[in-house]
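Shared chain: subunit A. Partners: subunit B in the first complex, subunit C in the second.
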Partner chain A sequence: MLASEQNTEPKTAPAGRDPVLSLVELRTSFDTFDGTVRAVDRVSYDIAPREMLGLVGESGCGKSLTALSIMGLVPTPPGRVEGSIRLNGRELVGLEEKEMRKLRGSEISMIFQEPMTSLDPVMRIGKQIVEPLVQHQGLSGPEARARAKDMLDRVRIPEATRRLDEYAHQLSGGMRQRIMIAMALVCRPAVLIADEPTTALDVTIQAQVLRLIRDLQTEMNTSVLLITHDLGVIAESVDRVIVMYAGRKVEEAPVSLLFRRPQHPYTVGLLGSVPKVNRAGRPAKGRLLEIPGIVPALNQPIRGCRFAPRCRLATDRCRAEEPPFETKAPGHSAACWHSDKAMEIAGE
Partner chain B sequence: MTIYIIRRLLATIPVLLIVAVVVFSILYLAPGDPAAIIAGDQATVSQVEDIRRNLGLDRPFHEQFLNWLGDIVRGDFGQSIFSNRPVIDLFLQRLEPTLALALTTTIITILLAVPLGVVAAWKAGSWIDRLVMSFAVVGFSFPVFVIGYILIYVFSITLGLLPVQGYRSLEDGFLPFISHLILPSLALAMSFMALVARITRASVLEVLAQDHIRTARSKGLTTGKLLFSHALPNAAVPIVTIIGVGIAILLGGVVVTESVFAIPGVGRLVVDAILARDYPIIQGVLLIFSGVYVALNLLLDILYTFLDPRIQY
Partner chain C sequence: MNSNITQSDTRPILSVNGLSKRFPIKRGLFGGARKYLHAVDDVSFDLGRKETLGIVGESGCGKSTTARMVVRLSRPTSGRIDFAGSDITNLSPSEMRPHRSDLQFVFQDPYSSLNQRMRAADIVAEPIVNFTKLRGSDLRDRLAWLFDRVGLRQDMMHRFPHEFSGGQRQRLGIARALAVNPSVIVADEPVSALDVSVQAQVINLMMDLQEEFDLTYLFIAHDLAVVQHISHRVAVMYLGKIVEIADRDSLFSDPQHPYTEALLDSVPIPDPDMRRESVALSGEVPSPINPPSGCRFHTRCPFAFDRCRHEIPVMRQVKPNHSVACHLREPQS
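Entry: the complex of A and B
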């Protein structure tokens, strides 16, 4: 059964607000010896001002490449980025490197998964934080340093003045990630892309860092694209979620709806493969749900639904025809022929 | 740090002692009798014996060695057998040209080879990279004297731009000084540059793959800043090491270069001393060079702590 609305690319940003960042039919592919790998395939979404958008999916689903495409950091060649990426109305695809460079770190910033290796080990922390200010705003000397110190205060690093003169190896993983956040936000960018920002951290630190990103987002009026494979992280922090599978967007929903009533069997599988505990602190009843099989190779055209080979609901139609991405409920869209039955998988 | 330096300085004593033993043994290991050579072809046996006694060559080995070592510790490197002048004076007299040559060579190398290596790494696989690396192979394959004579032929004889040979002290003015140094420095720098450019390329290439470079790019830094404020400082330790090793090799290469370009430096002093079997000079200069090597190594180790804050002693 199909949902009544037939628009294939629903307007995703909450009505009335122009999106800060808007992706339309983004395609990122790589030319390899084994043919063209379509790592990101016709993905569209918007991020509203001050919104925190989550991007989930397993490794290799193209979520990080989406981020690198937005940042203009996909090496071309062998990579190729097509479609449209608009930042405050400005087209980024095909933008000259010189122009793109001016946006990086000032309008759009990124933090990475590995805080241990993402900072320059031989440059003082202060100088690293100041660099975007020097590059983009022409600040220098005490003024820039004052801004750096202010940022360290904002990311709640104690003894900020002393830390400015330290090196990365003198700091813990959590601290380094805070430094990364300070560095990314120092020019007050419109969009912050956080690629697995807490994956490499201790669980206790994870919550702190997420909280920090959330707080700073409100404080500094930044939109955040949070990329993660961890649904726990998503549940705690984001407003809206996009689920990607094998380079395609398969589901998009406000976070509460996604958890309450997922419309795509892949999302159901993702939710089911997270261990839960009951109130007594013991593992909850029921088996962990696993998604059988592996992600398909992306170097040849795929017929039908990409998830079909791993999907228990798959029918002949799924294998022949790719399901359109359509609205299933207000604000909630998915690409599945059998979305009404998706929850059945979890019930088994 | 101070303690480390003191410890390192103390550790150089046994090293230099071993060098001293080896250097001193040359006198005995080398063929030919110095007393007979000094005495000349016409000397009688008793004349040779007189000379032997005067030079102390008839005493037991250990006695000679300890005497010699004691003098050196007091700063006395002995006297040249032929000119009867103190070795240390002869050495200092010849030091300026050698130092000037080594210094200009090192400066040329660092100024050219390091940026070339960085650019080659940045453009890895491109024609620039290939050009730099083929230059490195060529530069490393040709011996100093071949490059030297080619340079003389092209720039001095054919084009007449630079002097063929010789040396002018800095006191004679900068222009004559530098014009006499350009060709020998270039000849000497060729293999040095090849070495440094290769190592620079390799270590910068390695650094460019590191995560923090991606961070630097995401900050919107220019390529120049990316390469020279982030990539190069991170690649500095191996590069500085190879420059240190290069300077050591350079001191050896100076001997040949000085001969090709008729520069009255320490290299020529040693060559002449070897040809004349003037052992005190050979021994003195070898020992001083060993001291320089040891000091160079210590300097490098100290330098590392400034290049990489993670290195601590």
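Entry: the complex of A and C
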């Protein structure tokens, strides 16, 4: 409830409130046999303290790779991470792996879509939660175990003491994701990155886990970067949204502004292409809005706007010149030459 | 307009009665009583010509197993399936053959359901060659027409599946299903592996094709919004049973089963001004190996009373074209 009251106010790190995490011109690329793939291309954004920032886009838009770049989990080579990533003022790009390891799990944590692939199948749950506490905070066994139990209570896992001695395979998908959240937050990191945390879960469980993330964010004063393709999840959870397309940031806005008055044709297209559950009777429209075509390959330099080949508003200027990312309304920015007409995409 | 379709064609093209499927589970080293996983339990529904029946539910509810039994990719443990006037429940693969072209299947994962070593044209041609006498230039014309109709370029015919994007592969899967002029297509989560913008393309395509070729769809999905968009009628499954089945608008605007209600309450709404504060349903789906007694939903139902724990509720009609299996909705005696 707190989040929704505040969400009309942009949280773009106002004066006197330094961002917890700050990305400047982040570029993540991979050298392949087919040339250099620019998966994340000059992306900048800030996350304010206690803010929940949503990162939305379709497969291949680079949203997960910005997260992996922040965590220092992009293999280099073949990958290359350039630009600047600052966590509480500290530069992460180029940081030694030894140093990065001290930050992961203590100051910045990440949870993934499929918890089973991130949990150790042959290590008891308790031991996995305790590990970062022993590693980073030097707690003794019993102290750490007490903290782990407390954390399981916080993520609302019943019979926490018994669960500590179980293995991941004994738990359901929803439970596993709760365990992941417990592990990620046990050292009270400044930032939690959640990459599609509910995509593999059923809707009733998804609702529980999203609620949990929001509650814990408030309880533990963590900033959250929520990455998802699901606009419903975005609408329900975050304060501010960034829309990515083909490696570029195309729009950034407080959540209600983005849904009410999108400024980029791609955002308009995304919003129009999802069917919405309508409980009043019949659905509003017969046909879903289509975004024609598919995303461009990223192994060649692209001239002009990357969305132009799929955009009905595209003009010669769009094809020749990349639109700057500029402010269209207070707290609301987009990269489009025709943002004033963006809503026309939804017409017809 | 949608509900009229069923009324004008009264005899269902597909009729499922008391369909069940149990999977035996491996016994321990020293035997012991054999256990079963009750994937689908006593499921019945009719599918009218040219209509779309959506089956929705969470993972493990039996919706995919139901779909696979309907097209006889899986043999039912008990129950009966009638398709276009004949009982196909226990037909052998060769006896099933004459019905195959009329009853097609579209899979969820276009990555694993297409033969990676065949070219696109051969994938679509295979059922045509198997089931019709079309050959040579006639076959090529038919392929060209099919590719065009599902929105694939002609020059893609000679490519392999890995050269296609997810959406294009699903179009290929649809072209293959469409190739032999089926009257019914059973589609199991056909759009859930696709990105949203591409998902919209495929949904629109399926709806266009239905209109053009008078297709009947059995559409399986976990996404309520997609199911609402495409279906004329909707069945909700929970732990192997249909708990509610109704005309779409009636189901979404006036759900009768507490599970349907909870499911609808759980879907995140893409509108930040409509954030919900409470979680609709706590707990998780119990195991189908030892399903709860009585009503299978009673362990999570906020309204469960004593009777729900002992007695299995039967499906009964509570409104026109709207049936539910819930003790709460039974007439007071």
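By our rule, the second predicted complex is superposed on the first by the 328 of 348 C-alpha atoms of A that agree within 3 Å, B and C clash if a C-alpha of one lies under 4 Å from a C-alpha of the other, contacts with A are read in each partner's own complex, and residues count from 1 in each chain.
Here is the rule we use: a contact is a pair of C-beta atoms (placed from the backbone, for glycine too) under 8 Å apart; a residue touches a chain by one contact, two chains touch by 3 or more.
Please read all numbers here as calculations on a predicted model, not as lab measurements.
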Checklist entry - When the two structures are overlaid on chain A, which partner does A:H169 contact: first (subunit B), second (subunit C), both, or neither? => result first
Next on the checklist: Once chain A of both complexes is superposed, is A:M71 in touch with subunit B (first), subunit C (second), both, or neither?
Outcome noted: first
Item to check | Winner by number of subunit A residues touched, once subunit B and subunit C are compared | outcome: C
Checklist entry - After superposition on the shared chain, which partner residues are touched by A:M183: those of subunit B (first), subunit C (second), both, or neither? => result first
Next on the checklist: For A:M123, using the defined touch cut-off, is the partner it touches subunit B, subunit C, both, or neither? Pick first, second, both or neither.
Outcome noted: first
Item to check | Touching partner for A:S273 - first (subunit B), second (subunit C), both, neither | outcome: second
Checklist entry - Just subunit B (first), just subunit C (second), both, or neither: which does A:V93 touch? => result neither
Next on the checklist: Applying the document's contact rule, which stretches of subunit A touch subunit B when the two form their complex?
Outcome noted: 71, 73, 101-106, 109-110, 112, 114, 117-123, 131-132, 135-136, 167, 169, 180, 183-184
Checklist entry - Of all residues in subunit B, which touch subunit A in the complex? => result 210-212, 214-222, 225, 229-230, 233-234, 236, 307-310
Item to check | subunit A contact footprint on subunit C (complex, rising order) | outcome: 58-59, 165-168, 195-201, 203-204, 207, 222, 224-226, 228-229, 248-249, 252-253, 262-277, 279-282, 284-285
Item to check | Residue ranges of subunit A in contact with subunit C within the complex | outcome: 1, 3-4, 7, 58-59, 172, 174-175, 202-208, 210-211, 229-236, 255-256, 259-260, 269-283, 286-292, 294
